[in-house]
Amino acid sequence: MRLRSYRAIVRNEIQASLAYRGHFLFHLAGTAIYLVIASFLWKAVFASSGAEAIGGVGFERAYLYVGIAMSLAGLIQTNVDYSLNRLVMSGDIFRHLCRPQDFMGQLFAESIGDGIVNCAAIGMPALVLSYALSGTSPPDLVNVLLFVPAVAMAFFLNFLIDFLTGLAVFPFHSIRGVTNAKDAAILVLSGALVPLPFYPAGIRSVLEWLPFQALYNAPARILADGGAGISEALPFLARQAAWAIILFVLARVLFAAGLRKLVVNGG
Amino acid sequence: MTSIRRYARLYRLLFAQYLKARLSYRADFLVSLVFMFLWFLPSFFSVVVLFANIPSLAGWSLEELVFVYGFYMLAMVPNGVFFQNVWQLPWQVRRGDFIKYYFRPLNMMFYYMTEIIDVNSLNSIPVGLALMAWASFKLGIAWTAARIAGTLVLLASASLVVCALMLASASTAFWLTNSHSLLSLASRIRENARYPMTIYGGAMRLVFSALVPLGFIAFYPSQWILRPEEAGILPWLTPVAGIASFALACLVWSKGTRKWSGTGT
Amino acid sequence: MSGIRLRDVTKHYRVLKRREGLSGSIRDLVSRDYKTVKAVDGISLSIEQGELVGFIGPNGAGKSTTIKMLSGVLEPTSGTIEVDGFVPYRQRRRYVQRIGIVFGQRTQLWWDLAVIESFKLLKEVYGIDDAAYERNLGIFDEIAGLKELRGIPVRNLSLGQRMLCDIAASFIHDPGTIFLDEPTIGLDVEIRAKVRKIIKELNRLKGATVLLSSHDVGDIESLARRIVLIDKGKILYDGPTEKFNGIFGRYRTLRLDVHGLSEEGIARLKEKTAERAGADKGIVFGEVAGGWLGLSFDQDRIPLLELLTPILAAFEIKDIKVEEIAMEEVIRRVYEGALR
C-alpha cells in the first residue's frame, strides 16, 4: 500500500481547493449567518418555554450542540455521492479503476484534502463563533483532545454514508432522490437540527443507536459536555467505531457487486 | 402586444413538449414524487418535536407556524417550476455552454429558464395546501372572498421575492467562479423564512425585511391572514417587495449577460 | 449593405496568472496577478454575400474569438464590425434573426425533444411562415435524409446525426449569413461527406454567406473557395484556395505502427529513412504517440512507395495509415514559405 501516492492525491486536492477562495468565503459566511440565526431561534425557544432547561439542557448547551453540528457540517461534508454519480454516469470511473490504487482509497484521499482545507477555513472559525454566541467558556483541554478523534471518525463515517448513497447510481442511474432523502434524514436524526435531548425518550433511545448521531451528536456531546471525561466519551467513540466497521464492510461489498454488474453490462 | 402573445404561445409549446418528454422518464417521475414527500417530512418532523417541548415560539403557536410553513411551500412553487435552471448557470457559464443562449432572437432569461420546467415541484402544492387547511381549521380562520383574494395576491408577491432571491444569486455566475456556493447559501438562508420574524432583534429584522426580504416570503403575509389586528403596515408592502426585488434581480441578470459576453472564453 | 466587413478589429482579455505549487496557491489567495492576452490583434476582412470562406489557424489563434465577435456575443476592444448591415453586438435580438450559427460539439437543439419538435419550436421562435418552413424541411430531407431522424430525441442521436440536424436548423430561417465552427470534428468519414454536402448545397441554394472554421483539411479543400489563415490574432493569408492546393494535395502524413520496435529500432528507422530520402527531400518526423510514429512527406519529392518499401523491408511494421496533411503541418509549411 503506497501511502505516498495517496498523499499526492491529498496534496493535489488541497491545491485545487485553495484556488476557490470565494467558495470558502461564501461557505463561512453562510455558516456564520446560520449560527447567528440559530442563536436567535434558540433564545426564543427557551424564552417561550419559560423553563431554564429542556430535556435536561439549558440554552447554552442546546445552542452549542446545534452550533458545533453546523461547524462540523462544513468540515465533514464530502460530496462523494455526487462524485460517484458523475464518475459512473460519465464512464470516468474506469480511469480511476485503472490506477494501481484502491478506488475507495482514492476517493477518500480526495475528501481528506477537501476536509483539511474546510477545517481550517470553515470549521475552526465556525466553532469559535459558536462558543462566542453561546456565551459559555471555552471547552476543557480534555474535551478538545477527545473531540479530535471523534471528528475524524465522524468524517470517515460521513464518507461511508455518502459513498453508500452514491452506490444508488448503479440501480437507478441517478442519485437525486436518494441523496435528498439522505440529507434530510441526517439533518433530523443526527441531532443537528434539534438536539437529541429534545426528542421523546423512546425515540431518543432509538436514535442514539443509529449511525447518524455518530456524525453530529457524538462529537458535539464530547466537546460541549463540560466536566465530562474519557469515561463519558468512550461509549460515543465506541459506537462510532462500530458503525465505521459495519458501513465500511457494507460499502466494499455493495460497490464490488455494483461494479461487477456495470462491467458485465457495459458502460 | 404581439411579442407577449408570441412568448405565451412559445411557452405553451415548450411546456407541452417538456411534459411529453418528461413523462417518458416515467420511473424518474414516480421516484421523485415519492422522495419529494420523504424530503419534506423530516424537516417538518423536527418542528413537531420542538413543539413537544414548548407551548409556543415567540408567541406563535404550532398551528400558526404550520400555516406559515404551508404558505412558504406554496410561495416556493413558481420558483421551483420555472426557475429551476438557475442551478445549472454556474456550470453553463464556466464551460462556455451558456453562449448558445445569445443566438436566438429571444429574451435570454426566457430562453434559459424554459430549458428546465420542473413539473415535480408542483408536488408542493397539495402538501402546502393541506398544511394551510389543517392549520386554518384548527385556528378557526374564516375564508371570506376578501381573505382568499388577499392571500392569492400575497402568494404571488411572495413568489416573486423567492424567484428574485434565486435569480440574483445565480446571476453572480457572470462575475464569480463560486456562484454555486452563493446559490446554496441563498437557499439555506431562504429556509429561515419559515420562522417568525419576531425572534430577531431590531437590526436583524431590518436586514431580513429590507436587505434580503425573507420576511415577505411567508411571515408577513401570514400575519395579515392569521392576525390582521396586529399586522401593521408590513404585510401590505409585500407586493412592493415582490415587484421591486424581482426588478432588481432582472437588472442583475441583464447586466451579467452583457458583461459576460465581453469576457467569456 | 450585405456581406461581412471587419476593420482593424482587436480583442484583448485580462487573464489570471496562476502561481505554481502549494505555496503559490496560498499566495494566490491573498494577491492576484493579471496579464493581458491579445486574442485578436488587428484584423481587417471583407467577405461578399454568398461567399463560402474557410477560416483556418492553429488552436488559440483567435478563430473562435473572431466568430464570437461576428455573432454578436463579444464586443471588440477596438475596430468596427458590420454584418449584413448590422453591428452584431448592438441589436442582438434583431441581428440574430438574420444569422445562423453552429458550434462544433455543442448542440443548440432542445436536448430532450424529438428533432422535429425542435424544428417546430424554431419555427415559432423565428416566426417562419408555413410555406418557407415546409420548403426548407423538404430540402433537408432531400439533401441529408433528415426524414428518418425526425422522431428521434436529440439526446439519442449520434454525433454525426446531431451535426446534420444542427446545420439544418441553422438554415431553417433562411439567414443571410452562417457561421460554422468545427462542424466535422469527431465525425467519421461517411458522415463528414454528408455534412460537407449539406453545407455546399445550402450555400448554393440559399446564397447565404458561409464562414467555415475547421481543423479538417478535407473540409476546406472541398468547400472553401477562399481561405483566411489566422495565427496569433493576425491574418497571415487571405486569398484563393488554389494556392493551398500545392500544400494540401502534395504533403501526406504516413503513420507507422511501431509497437513491435524498441527505442533504438525507432531511432534507426528514422536515421535510415532520412538517409535514404536525403536532406532536401522534405521529410519531417513527428512524435511517437500511442505506438504510432507519424511522418509527413512531400509526394512530389519522394513518392509514397519509394518511401515505404525500404522501411517495410527492414523493419517490423504492424500496420500503416496514410492521411491527408494535418492542419498544424499546413500552417508550419506556410511559415516556411510554401505559399511563395
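We call the chains A, B and C, going by the order they appear; numbering starts again at 1 in every chain.
The rule we apply is simple: a residue touches a chain if its C-beta (ideal position, glycine included) is under 8 Å from a C-beta of that chain, and two chains touch if they have at least 3 such contacts.
Computed from a prediction, not measured in an experiment: that's the story for all the values here.
Trainee: Measuring between Cα centroids, which chain is at the maximum distance from chain B?
Mentor: C
Trainee: Averaging the CA atoms per chain, pick out the one whose centre lands closest to the mean of every protein CA shown.
Mentor: B
Trainee: Which whole number of Å gives the spacing of the CA centres of chain A and chain C?
Mentor: Whole-Å distance between the two chain centres: 48.
Trainee: Please report how many Å separate the Cα centroid of chain B from that of chain C, as a whole number.
Mentor: 44
Trainee: So, what's the distance in Å between the C-alpha centres of chain B and chain A?
Mentor: 28
Trainee: Could you list, by residue number, the parts of chain B that touch chain A in their complex?
Mentor: That would be residues 28, 31-32, 34-35, 38-39, 41-43, 45-46, 49-50, 52-59, 176-178, 181-182, 184-185, 188-189, 192, 195-196, 198-201, 204 of chain B.
Trainee: Quick one: which bits of chain A touch chain C in the complex? Just the residue numbers, please.
Mentor: Residue positions touching the partner: 11, 14-15, 18-19, 21.
Trainee: Enumerate the contact residues on chain B facing chain C in the complex.
Mentor: Listed in rising order, the residues are 6, 9-10, 13-14, 17-18, 20-22, 97, 99-100, 102-107, 115, 261-264.
Trainee: Report the residues of chain C in contact with chain B in the complex, numbered from low to high.
Mentor: The contact residues of chain C facing chain B are 13-14, 68, 71-75, 89, 92-94, 96-97, 99, 101, 103, 106, 108, 110, 112-113, 117, 120-121, 124-127, 153.
Trainee: For chain A, which residues count as touching chain B in their complex?
Mentor: Touching chain B from chain A are residues 20, 22-23, 25-27, 29-30, 33-34, 36-37, 40-41, 43-45, 47-49, 54-55, 172, 174, 176-178, 180-181, 184-185, 187-189, 193-194, 198-200.
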